[in-house]
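Both complexes below contain subunit A, partnered by subunit B and then by subunit C.
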Partner chain A sequence: MAVQYGTEDEGDDSMLHAPSDTEYPLLDRVKSTYTSLPTYQLPKGEDRHYQQQYADMYFARLAQIKPAVEQIASEAWADFGIAGEKALRKDRVLDVRQGELCWVIGTVYMEMPLKPNVLEDIGKEHWIAAPPPRVKYDSGMANGDSEHGAHAGGGKGLSGAQIMLEDESGRLRLTGSYLEGGLLVTGAIVAVVGTENADGDFEVLEIRVPDLPRQPPRWETEDGDAAVNGKSASQKRSKAGKVAIVSGLGMSGDEGDTLSLDMLMEYLLGESAEPGSQEDASAISRLIIAGNSLSHGSPIPSREEMAAVAKKVGRKTYGYDSSSYNKAPTDRLDQWLASLLPSMPITLLPGEQDPTSTSLPQQPIHAAMFPHSRAYMNAPAANEGAGWFDSTTNPAECSVDGWRLLATGGQPVDDVYKYLPDCEERLEMMEAMLRWRLTAPTAPDTLWCYPFQDGDQFVLKECPHVYIVGNQPKFETVVIEGPVGQQVRLVAVPKFKDTGELVLLDCETLVPEVVKFEVFEEG
Partner chain B sequence: MAQDYTEWLAINVLNEQQLISYRSLSRALKVHSNLAKQMLYDFHHKQNAKKPGSVHATYLITGTKIKEAPLANGGHSQHDGEDTVMQSSPPLPSSSAPQTEEQHHEPIEVRTVMLAKEEHLENAKASFESVTGIHIYSLQAKGLSDVRVLTECNRKIAADYASEDPLEAWKQYGTIQNSNVKRRTQRRQPPPPPAATAGATKAKVATTTKPAPLDKQASKESQELKPASRPTLAKATPEPSKKPATTKRQNSDIFKSFAKGKTKEQEQESQSSAEPSPKPPAEDEPMADFSNEESGEDVDEADAMETVVKGPEGKSKEKREADLQAMMDQEDEMMDDAAEAAPEVDQDEGAIDKPDSQTAEEPKETVEVENGRRRGRRRVMKKKNFKDEDGYLVTKEEAAWESFSEDEPPAKKIKGPSVTTMQQPKQVAGGKKAGKPGQGNIMSFFGKK
Partner chain C sequence: MPPKRRSAGPRAVPTRTSSQSQATLSFNGKQNRVTKPGVAPQGKTNKKDPAIVEDVPQAEIKPDVEPEPDLDEPTTAETATAQHPNEEAEAPTDPLQNGASKTEDILGGRAPQSEAGATGGKGSGWLADEETLARKTTDTQIKRYWRAKEAERLAPRVHQEDLTVYAKVLREWDMSGQFGPCIGIARLKRWKRANLLGLNPPIEVLAVILKEMEAGNVKAQRAYVDELMNSRFVET
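Here is the complex of A and B:
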């Protein structure tokens, strides 16, 4: 087969020959062991209520995370003292007395000049021109100029913001140079040590966070299931393949954006490229789509879209307008998925722009959207584990080849990003969220979410092995370590529409690689 | 086989001037995709040897690209990564394992799959550090103005080979197989692939590149697809019910009310004839699982249908079946010309309720005087409420015939606008009377002061 032709760096050019009699082996795809975990599924039908107050979520969150922080802080600050004075533990924020060195636990609340505000939103309706959408919530006002300048201590160069610590009893304004370098957003649960100064503000000397929770060993989920079913847990497992992760397919129904999607599909099917690459492709055992498969699928049009429609149509229409509905993108997505499904299983997470609920946790995209692909889904009533085509929640937790995987469509990171004026490091934010044990710290403050009653579902109970965040500006990855040897692989997955990048994650080593699809442009 | 593919390619690429990708070739000749790539190469090579430039190719290159200096695709921000806040400032408080430099600059393998036109091939290859493989992606007779047109190939494959079972047929194309695939047998057929849109976009694309032949192809294609999609229409339950619905909309005249009953009935008929069990199989009922209201509606509707079926009597089953047959036959014509179909339906409706529809043909009003009573038929304007395509409620005034006699209860007389013309003087007087109390009120208002 390896006929010499051309220069050496041509690689495999067997495809540039007249048809040969070579029999190409039929490639069989590596098996994917997969369990979908129902962590972020909301109650169905009548059990889902929206009348609850969001305040309960903060109480629940504080109650859930407080013991962990307490343990860490009491260990760390057992003999923390300044000038012979030892730091005392205070149970409530309001128990803090002026001039007393102490530590206390609470929820961070950030007051920022440009944070979204309901009253302001209503006011917006009457403005002639709506202000541009915010990149950051901080105004970037010079330090000291504003009224609150003296208190503005915030992390990452916050200027107009105030950081507060609250619990059920009250609030405490935090200040001090320690906050400058740190990374804090609303909703995080932290322990702070310091003293209250003459202004009534709390001078922070140090902060502790809950840090990574317990990490289950690999195969724990499967072994547990096996034990329950009475099978032997120590079965032989075949070598795991790779998981392909993509996000932001952004199907819009236009002609232009589909070529790279076709190339991606052909690559995954093992039809394009040379036999060597085809074999590589057969090691890909699963495709995970991390949000934003459609570019305009959200059921709630954005303010900008509404304005555009109103301008175009000239009259105001309320509710659903069938004439403006374009079914091409959903058709295209369905067809695209249906052409991959015969060859590989797919996990589909919704994203910000996808046609499902808009508040986190987003519920699975309905099967009715996939007339062709739904044959590969589980029957709705069936109780038989994860489907071949698994339309799941966002965020989603699952077990892939024994590893615990946590994936989101990217909204929580995007929102945390807005809190941090000078920070562009997405990986750092992802790490911070894991160490806070929160998948969506800023919900419900600035991120829409379901009003949980019995405990905050966004609190991480177990540490994942892989944390995937979709729809990020570029591909990034890092491994972080926890206090008791936990290791987490963080992967920021870029938007496919913008970058053409597919991330392959080796399920033995957890080392990612990138496959980039592009069309050569002259110049 | 050698002759086969040369001939096929000659016809499709040179004569028909189509875009042929290795995928379309492998599907057309039922060969492995790798073999198809070689066939494309062979054809391209031979044709261009005969007549240079007669066939144009696009190539797919896989390999590793030369890393760009600012490393846009390398994953890590190396440019100023070293002195970002991350490293210089204390990271997260209590992050027990500070990140090492190695971890942060872990080398990530980036492979590239690139599509390039023939004329850019050398430049494209030059951007690669190492090329692992290269093959011809597609062939076309003339140069390719826009690479994006290539998506047409896959769109056509999806449309033309939709009837193939991917689990069986794809083996011969060399698609990676998966022995673990789980697929339900769907009793409800998925909608046919968007053949019409494919044709339409095809035509649109064609205008930019090569108008005449492709256009022809598009129409041919849609004609070919028609018979293919027919059986699925007949099989799938939702389709027949949709058809009468459209006729209902067209009949926005007096017959509407009858048509409604009629279509319901036919719907029922067609369902029972097409499928023995009108209820969808329990297995395939995802909607019910998500919203209970909908399933409830379904039941209601089914009930309603049944009652409607019982409603019109005096019409034999055979007759109804014949009507149904006629309706089914009309389907295609109706799609073409809705207006033409409408009168035919009207005659069908007439069968249900003869007197009314016949009088509709009568041109003049008749009034008989008999035993001191006036009887007859007259034309009246009636208000009709119905929903249009956009879901709006529309109220229309339409001419309708009604029979009347002097003995009729007065309430009914007042209802019709024509009655007002008869009693005009009285009504005018009434109007004045109605005006007076209003004035009186005003006077009393002033009177109080």
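Here is the complex of A and C:
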């Protein structure tokens, strides 16, 4: 990729002369090593079964995470005692006895009054209009106690959230003032210590989570692959560049959203601005688009839309009305990608509004949607791994310049947000999700997902170095630490359509910075 | 698999009882069905195996109510889950000869895919040589295991008098909740999953499952409660 630039001392008149013979050095884009891991790819075609129940998934999740929690909890509570009584481990949640100090492990289940309930929906379908989508699932009646923290309502027996601990034997209701300070959602696996009180509820004194799993050192994936292929692992690695991350492009085909997108494209190609930022742009080695590239690509109509179509057409239509397909947004996205692809590799994650499966893990957007960009993709039959243009799953795990990246389009974090009353800290939720070792803890309760039978695919086996979540309200970042020295950089990427921000992550230091694109509005 | 289309049957084909001199072409119906090459092989059982076609309830229902779903043909749901034991059966096709080397073969050949089965990969589901161990388990060992299980209870088990020891062992396996839900999954697959998750399922149960599989007992592939819960009685 070649860009010409002049020296910085010259003013605006630097170009106003006859053609000269000076040689301008060319800028080349930094290369990046990239491996895409197939962690979230589902089997294709007939191998994908939907007959099984979600109970298998919860059971597998508990069985996979239990050993880790057990270890942490037994270390922490080895000498936990109150008034000389020591805490014993109980195998089953229902084995707790009144007055006995003990600790158990189970899955958290939160009973919240405003959670979507399919039986209520069916019962009410004929009578009233659908309720507006809830911002938070808590009933809000516990507003008076909001200063006490996240789960005040449940502890006091009000109609707030009820928190229970569940395993194969049954459910145990949890109470206690300790719960108010903590972050809990349905599906998290925790260990709790405490005792059963007279009401039959378990009073919690302390909670332990599985915490971060093992973090592979940098370059482990590439070295491992090289070892398997018989090559020597001690290659010289060149200095890594930066990774650009953007999300929420929101192309809709009719709104005036072209200018900021064009500016973004020119910036990434190095065609815009002055020589300083062109040099910065040449350091960008890869672009990751984290979801919601199209603004309304998913064709599942809501209840109101179906009613409107039925009224218009005169009969009820089921499923997708293909005459209403508008190809302009996907065309625009394809053209945009195809103009960037000759210069830089792109990883595309689908989001909530993209035309792929609605249940997690969302499968890659099919190559048929990109007639121009598909020239840069590898043929699906060939097992060469990801190509220059990687249309990948959501969530996606990949290895960029040796660092392990875990990226999602934002749906799991948005769903966790709905469970926590009075908590607006997205970074705290992202940290909690990593510490629970679950990329989507609320699946399958309130987040649609594939019914895994053999094992829960959302369990994190290895800790990433960077955790990227797209489509968040604003840009935030922090570094969290793990018990064995793991360090993870959390990055919340804002929606480009609303904020015009692009995040650049330096791959040597893992420090992000933001580039903002704004259009001046007259008046 | 594409969703199962109801076979149109003789109703949809226009039957010309008046002038039957001209031969008619029929593009649907039982005699023209072509099996697509992508369908998985059936293995030991055929489509109309007795576990799926409930002949006893059918005899009661047919005179009363015209069956809405085609009761003769299993739905895709049942065929898909019924194929679980077939898929599992295809792995250990070599029962007594060189069992150990075959599992080593499988394990050695699949080294790059480290996660086998339960955590998402495509392994054969065997961790070590459980299969050979199970096949070496003798009848007396199984009976001893069962006697130990019965001794755990104070009272004897009622309503199990006409079951064989094998059937009792398998029912106990179904009801052990610590290995996961027993509905919607074949017994062998459940055992393998429990093994991969490190829950130490008893090897005698695996022995019984494999023995029943070799004896061709299809009913024993899935849990008994699975059959009961999924029975397709049409409510009138």
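By our rule, the second predicted complex is superposed on the first by the 452 of 523 C-alpha atoms of A that agree within 3 Å, B and C clash if a C-alpha of one lies under 4 Å from a C-alpha of the other, contacts with A are read in each partner's own complex, and residues count from 1 in each chain.
Basically, a contact is a pair of C-beta atoms (placed from the backbone, for glycine too) under 8 Å apart; a residue touches a chain by one contact, two chains touch by 3 or more.
These numbers come from a predicted model, not from an experiment.
J.: Going by the contact rule stated at the top, is it subunit B or subunit C that touches a larger number of residues on subunit A?
T.: So, of the two partners, B touches more residues of subunit A.
J.: Does subunit B (first) or subunit C (second) touch A:V514, or do both, or does neither?
T.: first
J.: Contacts for A:Q51 in the overlay, against subunit B (first) and subunit C (second): which applies, first, second, both or neither?
T.: second
J.: Touch check for A:A83: first (subunit B), second (subunit C), both, or neither?
T.: So A:A83 meets neither subunit B nor subunit C here.
J.: Given the touch rule stated above, what does A:S343 touch, subunit B (first), subunit C (second), both, or neither?
T.: In the superposition, A:S343 contacts subunit B only.
J.: Looking at A:G270 after the superposition, I want to know if it touches subunit B, subunit C, both of them or none. Which is it: first, second, both, neither?
T.: first
J.: So in the superposed three-chain picture, is A:A198 touching just subunit B, just subunit C, both, or none of them (first/second/both/neither)?
T.: A:A198 sits against neither subunit B nor subunit C.
J.: Quick one: classify A:T39 as touching subunit B (first), subunit C (second), both or neither.
T.: Only subunit C is touched by A:T39; subunit B is not.
J.: With the touch criterion stated at the top, can you tell me which subunit A residues are shared between the subunit B interface and the subunit C interface?
T.: Looking at subunit A, the two contact sets intersect at 45-46.
J.: What residues of subunit A sit close enough to touch subunit C in their complex?
T.: Counting only subunit A, the residues touching subunit C are 39, 45-46, 49, 51-53, 55-56, 59-60, 63-64, 67, 168-169, 228, 452-455, 457, 459, 461.
J.: If we count contacts the way the header does, which residues on subunit B are in touch with subunit A in the complex?
T.: Against subunit A, the touching part of subunit B is residues 1-2, 5, 22-23, 26, 32-35, 37-39, 41-42, 45, 60, 62-63, 65, 72-73, 75-77, 84-86, 89-97, 99, 103-104, 106, 108-117, 120, 123-124, 127-128, 130-137, 147-148, 150-151, 154, 158, 166-167, 170-171, 173-186, 190-191, 193-194, 197, 201, 205, 282-292, 389-391.
J.: Which stretch or stretches of subunit A touch subunit B in the complex?
T.: 9-20, 22, 24, 26-29, 31-32, 44-46, 72, 76, 156, 180-183, 206-209, 211, 255-256, 258-259, 262-263, 265-267, 269-278, 281-282, 322-323, 328, 331, 335, 339, 341-345, 366-368, 371-372, 374-377, 379-381, 387-388, 422-425, 428, 431-432, 435, 474-483, 499, 501, 512-520, 522
J.: Which stretch or stretches of subunit C touch subunit A in the complex?
T.: 1, 38-40, 77, 80-81, 112, 115, 117-120, 177-178, 180-181, 183-185, 193, 196-199
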